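Please go over the structures that come below.
Each of the next two complexes has chain A plus one more chain, namely chain B in the first and chain C in the second.
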Partner chain A sequence: MPTAALEIKAISAHPGPVPGKGAKRNEGDGVCKLIDVTTCIGCKACEVACLEWNGYPFHETKFDNTYQTMPDLQWNYYNLIRFNEHEFADGSFGLLMRKDQCMHCADPGCLRACPADGAIVQYSNGIVDFQQEYCIGCQYCVSGCPFNIPKFNSMTKKVHKCTLCSDRVAVGLEPACIKSCPTGCLHFGTKDDMKALAETRAAQLREQTAHTNAGVYDPPGVGGTQVMYVLHDIRNPEAYGGLPANPTIPLMVRLWKGPVKWLGGLAISLGLVGVVAHFLRFGPKEAHPIEEVHRP
Partner chain B sequence: MIVEEHDVLHDVRPEETQPILRYTLRERVMHWLTGFTYLYLMATGMALFTPHLYWLAAVFGGGPTIRFWHPWVGLVFTAAMIWMYAVWRDEMRTIPEDREWNRKVKLYIENRDEELPPIGRFNPGQKQFYWVMLFGTILLLLSGIVMWFPEYVPFGIRGVRPIAVMLHEIGALVTIGAFIIHVYMGLLVVPGGFRAIVHGYVSRGWAKTHHRLWYNRIVGSGSAER
Partner chain C sequence: MPADFSTDRRTFLKLGTGAALASVLGFDLRPAYAQARELKIARTTETRSTCPYCSVSCGVIIHTLGDKAKNVTPQVVHVEGDPDHPINRGTLCPKGASLEQDIVNSRRLLKPQVRRPGSDHWENISWDQAIDEIARKVKKTRDDTFVATDPQGRTVNRCEGIAWSGGCTDTNEFNYLVVKSMRSLGVCYLETQARV
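Showing the complex of A and B:
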């Protein structure tokens, strides 16, 4: 990462160790945020921390009779806890709370769909980041994303989403949301460490609680994600505010960015070669000279 | 003007040497409105179609600029095509004389035009190009509107968005193919064709060679105004 060289080694008059010292985050499958929805209390500290770090103001929102801050993510609201009333199999009531943000797919549909050179990058630590200075506002990324994450700013014509605090991670810090979480439901580390932690927690839930179908959400359809969930019921992710059960990059995006691209280019090239070849072989059509016209 | 002096025989009546108006000013304005807007749409569309042609975006003012203008120019192109539909739709219908020509289109491709049956103001190839562009425009317009405002497509029917992109690309590729042939024919294969669509006039020899039924009709009626 460009700012990796600025990682802090020592801090003057700082009580305690240097934050992020010794963090290994560019190795293996990169970094990962783990969200244990079973210990989320819906306090929204992560929403506040996200706004604070990214410098976005609070603004008016829409109340839709839930605890949810607003109905959907916005271009300047990257992180939203989705509150879903849910009836469990035993008839008990529960409030499913899921922190919704960019999943940072290993195979990002947004990046595949984007036509603008440099507008979306994937860092070696797995973070998928939008570079607004190169964004042209076409919103192909919106079409490519299976999680409905990128949001368009109609004033600036740029698309925004969670950066997984790439600027913080670059200097060895954890994302702002992780830092703010009071229950420890948010974890951050390498993908390998988070996978192990998630599996341990899921196994604990299955063995020691009634959530016998607890599991880890790391969808293979998009090559796995740098954001994982531990869910009470892995069989029904849709219950958590529309988390897709098997997200994939739309087939049409794969076709349009794959075979159609080179087949189309080939067809146009062959067309151009074809007309040149035709002209060399047959040449122009000559009109009859004028005499013939007048003496039929 | 178009008629070369040395070709004109002395016993020809003066009006028989006059060039013929093939395209009225209205038709020429209409044609070039579709032409220039299509060129812009093709170039900016190709910039977004493949990274290898993204440099075209810089030629037209940069990525955000072409993203902003492409849909608006598309609306102008659509309006011009609607105009063209209103003006040329009747003349572009297939007439009985076209059928034999269509069967013998290979002769036309091989420049053996003298073996082809006489044809009206537009030959079947031109008519096909007209209808391909017209239906292509409908496809490109409908898919383009979805691509213009993807944020208003509900997430529940999100599949519509990439399908629209795919249809837009298919519409573009088909019309670009037709467009390449159209430009090639007009500029290189039929000398005088480009001049006709710019200045409006063709020589009598040109008219008789390429569109004999049309030539007979306007000369027979004694009017040079098609």
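Showing the complex of A and C:
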């Protein structure tokens, strides 16, 4: 928050503690976007608002026998409503609509996988943001993401994804998609508030509707996400356009950026020590006198 | 004794090479924090307006670049919902959310156009000419179709050849004037988009 820097910590010659200190509500786990898929009508206002705010051109849509705008996200299309035809348990047909965008994981796989200093940052409010000026275009973040979100721009060799409108949130505005949503299926607030709201809504669905398995999607495999869903059926998130049931950072990324990196650094250091030790023990390598080689 | 700050060429090259090596080897001289993008509407002029599309008439805020200084030609940079508007409270539909491209668009009509009877294309005309032609047509139509009395001989004074259809951005005040002027012509077919 912009005012946090100007918060008074100490006052000269003031009797007693700083007035208001500790009265500020703890922001806890940062900001959060809550998507109640049960009230989404698939109008795609969030898609348009996202494009408009980020200044990207409107795309030619691609018809793929569904209402979905295009098959997948693109580097300049951060936000896509996925339409999934679904047959419910009672045999009735329905569309499951899910707003697909960056989930802003608490433990982001993209950030872990990225080898470029400062190309991916996580703000204190939980937003994971790409800094394209430092991006080297290696696309490790693409393989590190369990949700398949970052998209590569082959012209500029940079990777882009949803920023959760970090520029708007930084000055106290809600993200563009949240503001546009006409049915109020998108909510924005602190993670604590959104958790409470989501649980209330899920309980309401379980008790008052036929969706007895309704639940909140906040996967612990990536440490929770700053984007949460309320789903009709929490047991089957794959039905919502391939939402992984238990997303985790890929094993190779965790190994490569964890123990292997550490062991590799150790190996290099030990190698250097070995070289020095070898030099001290055996001295420099003497060049043997070159024997004359007579070529026929 | 004055300090000697002068360096010879050799020392300067040594220092320069040393600094270059230091930065290559990972001593970063930049500030170590990330900067969020600049808010593009931080200094824009906000104008409240009404979405022109459907009869719901959502309130929008039009963000215009420039602080109204004399030498600036304002340009719309962003449109979003008006949170103070009782109808939409900041939300917009996908069509309304794309309003910026309705304004900033190379295909936007900036002049009145007319397609003459039998013509296959639209031609640009001036506002003066458009108002003049509309006035003449209204006068002629009213003269041709005015009904002073109905078949039973009762006075009705109605003009059956003209209908009026209002748009969703029409305000109460505008509609008041519409009713006054149209009723004075005897027009009965008064309709507004809000009832469609």
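The criterion applied here is as follows: the second predicted complex is superposed on the first by the 256 of 296 C-alpha atoms of A that agree within 3 Å, B and C clash if a C-alpha of one lies under 4 Å from a C-alpha of the other, contacts with A are read in each partner's own complex, and residues count from 1 in each chain.
Throughout what follows, contacts are C-beta pairs under 8 Å (C-beta built on N, C-alpha and C of every residue); 3 or more make two chains touch, one makes a residue touch a chain.
Predicted, not measured: the structure shown is a model, and the values here were computed from it.
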Quick check on the superposed pair: does A:Asp100 touch chain B, chain C, both, or neither? Answer first, second, both or neither. neither
Given the touch rule stated above, what does A:Cys43 touch, chain B (first), chain C (second), both, or neither? second
Where does A:Asp218 make contact in the superposed view: on chain B (first), on chain C (second), on both, or on neither? neither
Classify the contacts of A:Trp53 with the two partner chains as first (chain B alone), second (chain C alone), both, or neither. second
Using the superposition on chain A described above, determine whether A:Gly264 touches chain B (first), chain C (second), both, or neither. first
Which partner does A:Arg168 reach: the first (chain B), the second (chain C), both, or neither? second
Which of the two, chain B or chain C, is in touch with more residues of chain A? B
Looking at chain A, which of its residues have contacts with both chain B and chain C? 117
Taking the complex as given, what residues does chain B use to touch chain A? 3-4, 7-9, 12, 16-17, 47-52, 54, 57, 62-64, 66-68, 109-111, 113, 147, 150-151, 155, 158-159, 161-163, 165-166, 169-170, 173, 176-177, 180-181, 184, 188-192, 203-206, 208-210
Would you pull the chain A residues touching chain C in the complex into a rising list? 43-45, 47-49, 52-53, 55, 58, 117-118, 121, 123, 129, 131, 163, 166-168, 170-171, 173, 176, 179-182, 184
In their shared complex, chain B is touched by residues of chain A numbered 113, 115-117, 134-140, 142-144, 148, 151-152, 154, 157, 242, 250-253, 255-256, 260-261, 264-265, 267-268, 271-272, 275, 278-279, 282-295
Write out the stretch or stretches of chain C touching chain A in their complex. 28, 34, 36-40, 42, 78-81, 83, 88, 90-98, 100-101
